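Next, two complexes with subunit A in common: one pairs it with subunit B, the other with subunit C.
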Partner chain A sequence: MTTIQRVWRLKNTLLNLLASRCSVCGHVTYPPKMRCPVCGSRELREESLPREGEVLSYTIIRVPAKGFEDFTPLIIALIKLGDAKVLAEVVDVKPEEVSVGMRVVATVRRTAQTIDGGVPYVIKFKPLRS
Partner chain B sequence: MTSSRFRVGIVGWGAYIPVYRIKAKEIARQWGFDDRVTDSIWIEEKAVAGADEDTVTMGWYAARSALLRAGVNPGDIGAVFVGTESKPYAVKPSSTIIADALGISAKKLSTDLEFACRAGSEGIRISVSLVESGAVRYGLAIGSDTAQANPGDVLELTASSGAAAYLVGPADESVAVFESLVTYVTDTPDFWRRDGSRYPAHGEGFTGEPAYFHHIVSAVKMLMNESGLKPSDFDYAVFHQPNGKFPLQVGRMLGFPREKVLPGIVTPWIGNTYNASALLGLAKILENSKPGQRILVAPFGSGAGADAISVLVTDKVLERVGKAPTVEELIARKKYISYAEYAKFRNLIHRNLW
Partner chain C sequence: MRRVYVAGVGMVNVGKHVDKSLRDLAGQAALKAMEEAGNEVPEALVVGNMLSSLVEQENLASLIGDHIGLRGACGLKVEGACGSGGLALMTGYSLVASGLFNKVLVVGVEKLFERPSADVIRGLAYAADADYELIYGVTFSGLNALLMRYYMSKYGVRYEELAYWSVLMHKNGSRNPYAQLRNEITLDDVMKSPVIADPIRLYDSCPLSDGAAAVFLVSEDIKKLTDTPVTVAGVSNSIDSTDLSSRLELDYLLASSTSARNSLKMAKVDLREVGVAEIHDAYTITAALSIESIGFAERGKAPKAWSEGRFSPGDKPSINLSGGLKSRGHPVGATGVYQVAEVVMQLRGDFPGISVPAEVGLTQNIGGAGSNVTTVVLRR
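Take a look at the complex of A and B:
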């Protein structure tokens, strides 16, 4: 659980898919980090990821964390966006309709309300053609 | 009222319709209505927003499509208006959330407008005036709603979710130019929702004649008188669509043949999207129009008021249609849900939150 102010601080990362690219080894991390998780370099550049990608893997959550009941079953996927891998929710499909290799596109949706009653808006992914 | 001939136009437009649909007959059966009631008002199915969708998320999608079609720099947009009667926050603007998510500059006017189903078109009128006066280069007007209806109320057959967005700017960049705009507004108690009440109420039998028909007919006649235009000068006429029947009926009253009204009708397949209703109809027409054609659009909002707007399509429309999903594509991509799923998505089920 979080507060709407914490979500607000991460707004650019969340809505603009801001990632960090390592200037030394080229590894791309989302969300952006201060240090490259592969080579340890601190020479990182921020860049926006492409909005279209491909499902690499996914899992279905049927017993959610408190507050997510409205959105259950949750489909959480590892999505390849350009050179990055992003963990995010896939929406507008039923669990039996998701597949590895499915093309998806980023969209703005709301998620479980914060402990202070705010409405957080985040990036989720939906099928490119549905 | 003002008329802004050929100086201001629609630079980009965008639509959003949620993927979920419920059959109107399923809602009718749920409450024991006569099956024929859905045919009598011409409603087949309605669009249902998912549990994670609201006025902001749908408005964002439609506005993003409008910007994609327009191809303008978001930093040049000087005004953002959201017309809605279903704000996620009672106090806290929806327009600022959408504008920030689109990368629109902080140097702008921005507010949510409320006038039942015609606040979005008021946003268009304000944007036209701002662009015309030189105060802003572009103004973004969004109509977006997750319309509520008391479960079991006849309104539940039609009240649906959707959004439309129009980027208003200089005529020479536009897909359609504004020829004349008028508005006719009175105090009429046809439909309302008091603060703190979950669902709207309506004056039974009062929403038609003294509200919808009187205001739209008055606005359109005012436009005809001021502009000298006749129904035969228009290629299409789009009206607010609380159901499929009313727009055909008001078109007939005004002398528009059925074939000029039918192409702009969307409600029988997606329901009444309130602030997006007439604006989605206009978007569908634009997407199928030819340069040189003239369109009448007449949104209506309870309370009550109607606008009448005449636009002329330019040759720029053809290259911009394919840059974002069209209304017809959004209508065609659909998944049917049950009444129970609809009740879950639209928060009609009471449960303990903690």
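Take a look at the complex of A and C:
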């Protein structure tokens, strides 16, 4: 279970999907790092990832971690957003309807309460309906 | 660097030890290894552990060291999530190889059966990225399920092909007196077990376990301590990202590949010489990814290989004669030390379960979802 401070510290990254792009080799990494994992350069610039992407893999968690009982079954996916990948929850879809390759779009939703009673909002993804 | 030998090993049965504390488990394994080494007294104690916070205890080397009469010795703890045991072995190795000490006792210990399982599941997930993964409530099984579906989708591998690994492991483990799950199972049992994190079912996963194992390392100067010295010929550790999002590859364990390659190079051993191996099969998918990243099978081909009898007892390599994490059990920070103890016994010819003759053995211990991997090469 997380804390209010953690959610506050991560607000830019988690709500704006800020990744780091290497100015030397061009590699994009999310979450952002202090040195490029590919070439080691420290010349990284922040860049917001696209808010629409595609499910690379997903799982439906039936045995929850403590604090997430109300969010179970919990759909977690790895989502390709532009040149990076992001792990996040997928909502507004039945577990049996999720699929690899599904198009999704970012949306801001409530997540589990923090230890200190906060109700944080984070980016989740919902199906992109055409 | 000086050569390093194994003078003794000790293990306690893996399982649910409600009647034993963390210090009791560790002490029992440690004293057994010391007895095998002719009751020599170690100059240093290296403890591998991940989650002693579950039993509200840190400062483990002092606690365990004092319990077994080692006041005055050097003591430290090493942590690398589920890979803590392998890292402890590597640390012990470096203390002896460097010449700082001649006799070092490495003890891996974990005590999970103390708190409700929801607390334990949460604790195990501390191996993942708290900021960017756990904030969504993902569990450790969930992260491995993401890798599993990706692998199945990319290589067209069916669930049953992966699940068959569990059947093989229970068969091996049924003969290992130290194993936690000694019952044989069928593919049907795996496929009817409850889903934890789709596509991972209960029987695709290792159990929760208490346990402790110890390995007594000595320098060349005093290898006379044992009639059957096994050499630690190579040892290497490699890290990768904690989070899955920034992994360069989702169907390959780069840290495992690097660690295996470096340890084999250090040992001057070709992979084809490896006769027995203990790998970190926390889930069936982890078995496939481990086998492929070490180089025992091509990418996407491990399940086909084991369904055709590869890696079974007597094959080269024979993999997880102990039953692996699936059947022997996975006492988290102790697992890497169990693996080394088991392979040492295989090379000496006194492993009490399925035993095959071998000159060279390998262990691979993973922390997190492939983020911290230690490979050890042992030679008779």
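By our rule, the second predicted complex is superposed on the first by the 129 of 130 C-alpha atoms of A that agree within 3 Å, B and C clash if a C-alpha of one lies under 4 Å from a C-alpha of the other, contacts with A are read in each partner's own complex, and residues count from 1 in each chain.
Just so it is clear, contacts are C-beta pairs under 8 Å (C-beta built on N, C-alpha and C of every residue); 3 or more make two chains touch, one makes a residue touch a chain.
No experiment lies behind these values; they were computed from the predicted model shown.
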When subunit B and subunit C are modelled together on subunit A, clash or fit: fit
First (subunit B), second (subunit C), both or neither touched by A:R109: first
Which superposed partner A:D92 touches (first subunit B, second subunit C, both, neither): first
Partner chain(s) touched by A:C25 [first = subunit B, second = subunit C, both, neither]: neither
Touching partner for A:C39 - first (subunit B), second (subunit C), both, neither: neither
Which of subunit B and subunit C A:V119 touches, first, second, both or neither: first
Which of subunit B and subunit C A:K66 touches, first, second, both or neither: both
Greater subunit A contact set [subunit C / subunit B]: C
Superposition-derived minimum Cα distance between subunit C and subunit B (Å): 10
Set of subunit A residues, in rising order, touched by both subunit B and subunit C: 66-67, 71, 111
Touching residues on subunit A, where the partner in the complex is subunit B: 11, 15-16, 66-67, 69-71, 91-92, 107-111, 119, 121, 124, 129-130
Subunit A contact footprint on subunit B (complex, rising order): 19, 50-54, 56-57, 60-61, 88-89, 97, 100-101, 103, 333, 335, 344, 347, 351, 353-354
Subunit A - residues contacting subunit C, complex: 1-2, 6-7, 9-10, 13-14, 29-31, 33, 37-38, 56-68, 71, 74, 76-78, 84-89, 95, 100, 111-112, 120, 122
In the complex with subunit A, residue positions of subunit C that touch it: 118-119, 121-122, 125, 129-139, 141-142, 145-147, 149-150, 153, 194-200, 241, 243-248, 250
